[in-house]
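The chains carry the letters A, B, C and D, assigned in the order they are written, with residues numbered from 1 in each.
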Amino acid sequence: MKTQLTGIVPPLVTPLSDRDTLDVPGLERLIEHLIAGGVAGLFILGTTGEGPSLSYRLRRELIERACKLAAGRVPVLAGITDTSFTESINLAVHASKHGCHSVVLAAPYYFPAGQPELIEYLNDLVNELPLPMFLYNMPGLTKVNFEQDVIRAAMQWEKVIGLKDSSCDMIYFHKLLRLTKQRPDWSLLVGPEELTAEAVLLGAHGGVNGGANLHPRLYVDLYEAAVAQDLAKVRLLHSQVIELASRIYAVGKHKSAIIKGIKCSLSLLGICDDVMAEPFHRFNEPEREMIRTHLAELGLL
Amino acid sequence: MKTQLTGIVPPLVTPLSDRDTLDVPGLERLIEHLIAGGVAGLFILGTTGEGPSLSYRLRRELIERACKLAAGRVPVLAGITDTSFTESINLAVHASKHGCHSVVLAAPYYFPAGQPELIEYLNDLVNELPLPMFLYNMPGLTKVNFEQDVIRAAMQWEKVIGLKDSSCDMIYFHKLLRLTKQRPDWSLLVGPEELTAEAVLLGAHGGVNGGANLHPRLYVDLYEAAVAQDLAKVRLLHSQVIELASRIYAVGKHKSAIIKGIKCSLSLLGICDDVMAEPFHRFNEPEREMIRTHLAELGLL
Amino acid sequence: MKTQLTGIVPPLVTPLSDRDTLDVPGLERLIEHLIAGGVAGLFILGTTGEGPSLSYRLRRELIERACKLAAGRVPVLAGITDTSFTESINLAVHASKHGCHSVVLAAPYYFPAGQPELIEYLNDLVNELPLPMFLYNMPGLTKVNFEQDVIRAAMQWEKVIGLKDSSCDMIYFHKLLRLTKQRPDWSLLVGPEELTAEAVLLGAHGGVNGGANLHPRLYVDLYEAAVAQDLAKVRLLHSQVIELASRIYAVGKHKSAIIKGIKCSLSLLGICDDVMAEPFHRFNEPEREMIRTHLAELGLL
Amino acid sequence: MKTQLTGIVPPLVTPLSDRDTLDVPGLERLIEHLIAGGVAGLFILGTTGEGPSLSYRLRRELIERACKLAAGRVPVLAGITDTSFTESINLAVHASKHGCHSVVLAAPYYFPAGQPELIEYLNDLVNELPLPMFLYNMPGLTKVNFEQDVIRAAMQWEKVIGLKDSSCDMIYFHKLLRLTKQRPDWSLLVGPEELTAEAVLLGAHGGVNGGANLHPRLYVDLYEAAVAQDLAKVRLLHSQVIELASRIYAVGKHKSAIIKGIKCSLSLLGICDDVMAEPFHRFNEPEREMIRTHLAELGLL
């Protein structure tokens, strides 16, 4: 499992049956659904997984169960992003003990560190990590961008094996691709599914796309068409991705609309419950009905 | 201790001797320094206290030790802000068990909740809280402002007893004062020390000022002069506060400059160590030397 | 008229009878209303005056008419903020020719200049200006803040005689007051009326308050009470200002709500028309009705 | 010339020999350089052209001269973006009189209009326009994004014939492409050159790329390779574009770095002077030397 990660690595939603209770059968169905869809790995405890909203007890339980359920068929990546250095390390140790492939880390998200502070922080963290690590650029939520100097520093550390970019900034992404040519073992993965087509066409290694929870095959096919340089197929599948996103993620009014849309859809598909972690709450019936209509019209129900 | 909180309630820095080790003698000296300076309470685990950067183990230890050291002389307020609802409740229960007066909560700071989501979140939280609570408005770090609808909702809950505003937005603050007239038991406290003079002159109940760690008497005197409507004295002390802030907080280059400046000063005064929690690090020697010069010129060394 | 400007200098709305036609009788009534209210000057072509939305022809006409109508009773200040250096100078020359006291300049607002670029720009401009100039800090609309280095540079130029700050950032304002002590001839004026009380209590020279269009006496009284250090009176008048602002400026939904609220009120008071310059349009009947109710309840109708 | 615009339409820098003087021979050389490079049109008075920084007299002169110099070989598009409705119309009338193909309009950039206000503004403007119009989405400088409702409204107006998007937000761009399928006569053009490859691969009609001032053939070849679906060639040329941008636009420190880099390069190539309009100034010698080195290493000198 030490080889480079390529393909679609969905950021799993966290199936919950209550505020602090994992929906274990839902998790199992979700993982089977994703592996059947051809995904290249499972990323738990990310943004789509509402990682920062979960208790540490639940995060540890999720790591254990996901690794057991995946059973080595695909690598499991665990989010360890935290405002506390010590808690990030604690989670990484737990992930290592239970068989995760690697960990994923965004910048600490309460205090926005300056870029030199960020380099020092990452250096200290990498020194104590028991697993390889992906950086996760998510400035919209962390308030901090991994600028080029940070990337240059990170390229010196063997333990850092790639980056997931959710900045939605393709100019930044292309500069990353240019910058990281000296680390051919790195995986550059793009977060937002609307950008997977172009990212892969122009050199990225895959996508960490929330919509793949719902319809993994679509994203895997899109990725493969892009790798095969089948532009006609890419255009077709890309337009389906845009259609899905334009409908399912536009039902809610707040920033939570994407995660709520995915969880509500999964619940309608019978895969898992749509309980959300605070500060969010599941859609009410009128919004649920709109999601149902969209899923039907998209041929997913 | 059920009466309204008024006066200066410093947000304590967290004395550390190592990344995850409390500097216990430093904490004791700090608390004695503050109580001797006339403060009205001790607020631990806030922004100045680097609360979100500390491990949960250390947060619990700090709650226990601060309550024991304060020994009932002044109320202790504990920050329970977290991205996880469950961890906030866990901390509040711990705070209650060890004798805290109340808890302090800013908005969850990874996912920015919409205002209706925020009301639902706060309502759920208040229902489970074992202690009275202050809201803490800190949009610069949480990305979320407590708008008027949230305040209106919070005024219905007896358990919420006030608000600390660190928005730096005095127009907002004046509207809060207008809005909360129906809750005469509420304490409206202002965060940034540069705004304490005007806030108290125009109706606020006190300040939660970081600089009070360093020189509690200055802030207490300013508060008392404002309550006494001694405008000449207010102007003089206010200009001293501005002078201190313009020097001590301007040595560092990043957002961490304020906390680093305070901790470095406290270390030079022999009160506690200046170890910072990641992602921050203490000042290097040249910056430390500048702080030393400023302290000397301000007559504090 | 070379002496320092102190007191309330309202930023006049621009009475229009059509998109590109000045409402001349409205302008006359407005100016008489303001002078009768005790204002210390008239600031035309500012933000409240929708200056950047007006054609140059109309801007020139307004300068001419305002100077003629003021007839030397109070100084007239003309906004010359522009994205084009040449057009700013053209307007300043026109203002000088027709008797304006001084000009007012915010940063160019299309391209956000870096601070060193801003200093060079201001230096070039000051060299060609035929009149004294106030800086106008308005980062919310210009995207550029006048940082301390810019202020330090501007203090070297005799032609710059003060600053109006509409940043809404009182921490910044207090630092300005500290910084400009070496220029005792400068006027530091505060923009938002909600901040006039505290600004003047702590050292500012006056307010450039939009609400003074509507009710000049209230703001003049507030200013005078603050200068007289009559804190009880300041609190009372300040709360009336907050009440007015919380009602009149909260009827509209967009950023234009303040100017629309003022113009609609002036129209209901029979002072001038409420035609707005594009991209804005006057309130519709339901909103107009709300303004009417607020004015009645505030005792202004 | 009524047919749809496709291909590379460079946003011309404005050659100046002094603050308010056009460098006419430079303009002629620039236009010849661009037409020889295969561009599909000339867009004057845009952001790269420092349009808002120029006097109206100079803007009118530039319209006249550019149309005369282009002499019908390629269409000329004139930017009429302004904070004043009347001045936008004045410029459009001038552009029509002198033979421009169409006009280009970003949102008014002092007051940020709400979306319904924006629709009303555009509707009023379109009614008075003598020429077809492209919308120009430039939220980074105008503070206003053309949201989907605005686009839906604009699709109803025959006079609006396309949109240039400089939001740098490809998710938005893909949604635009989806939305505007009902207007097959529209041209969707992308602003930033780093995004031209993917935009055209996935359905856009061309690019309005600043770097094409410098090296038009590179961008034209990239566009043509993308239309031809020659992915290998697209990747090669795209990486050259990223290389050029990563070097030439990274010499300056402020937001002006792109325009300064282009103008300095054109001056080194002997095409036109590098005088900038205020608030900007040309590079000093050390930065000029860095540009020279980059151009040499890129094989452009």
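Just so it is clear, a contact is a pair of C-beta atoms (placed from the backbone, for glycine too) under 8 Å apart; a residue touches a chain by one contact, two chains touch by 3 or more.
As the structure is a prediction and not an experimental result, all values here were calculated from the model.
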Problem set entry | Contact-richer chain pair [B-C vs C-D] | C-D
Problem set entry | Where chain B and chain D are represented by their mean Cα positions, the distance between them in whole Å | 49
For this session: Could you put a whole-Å number on the gap between the CA centroids of chain C and chain D?
Result: 35
Problem set entry | Every chain pair meeting the contact rule | A-B, A-D, B-C, C-D
Seminar exercise, completed: Seen from chain A, its contact residues with chain B in the complex are 19-20, 47, 50, 52-58, 83-87, 90, 107-114, 116-118, 120-121, 124-125, 141, 143, 253-256, 277-281
Seminar exercise, completed: In the complex, chain A touches chain D at residues 168-171, 174-175, 177-178, 192, 194-195, 197-198, 201-203, 229, 231, 234-235, 238-239, 242-243, 245-246
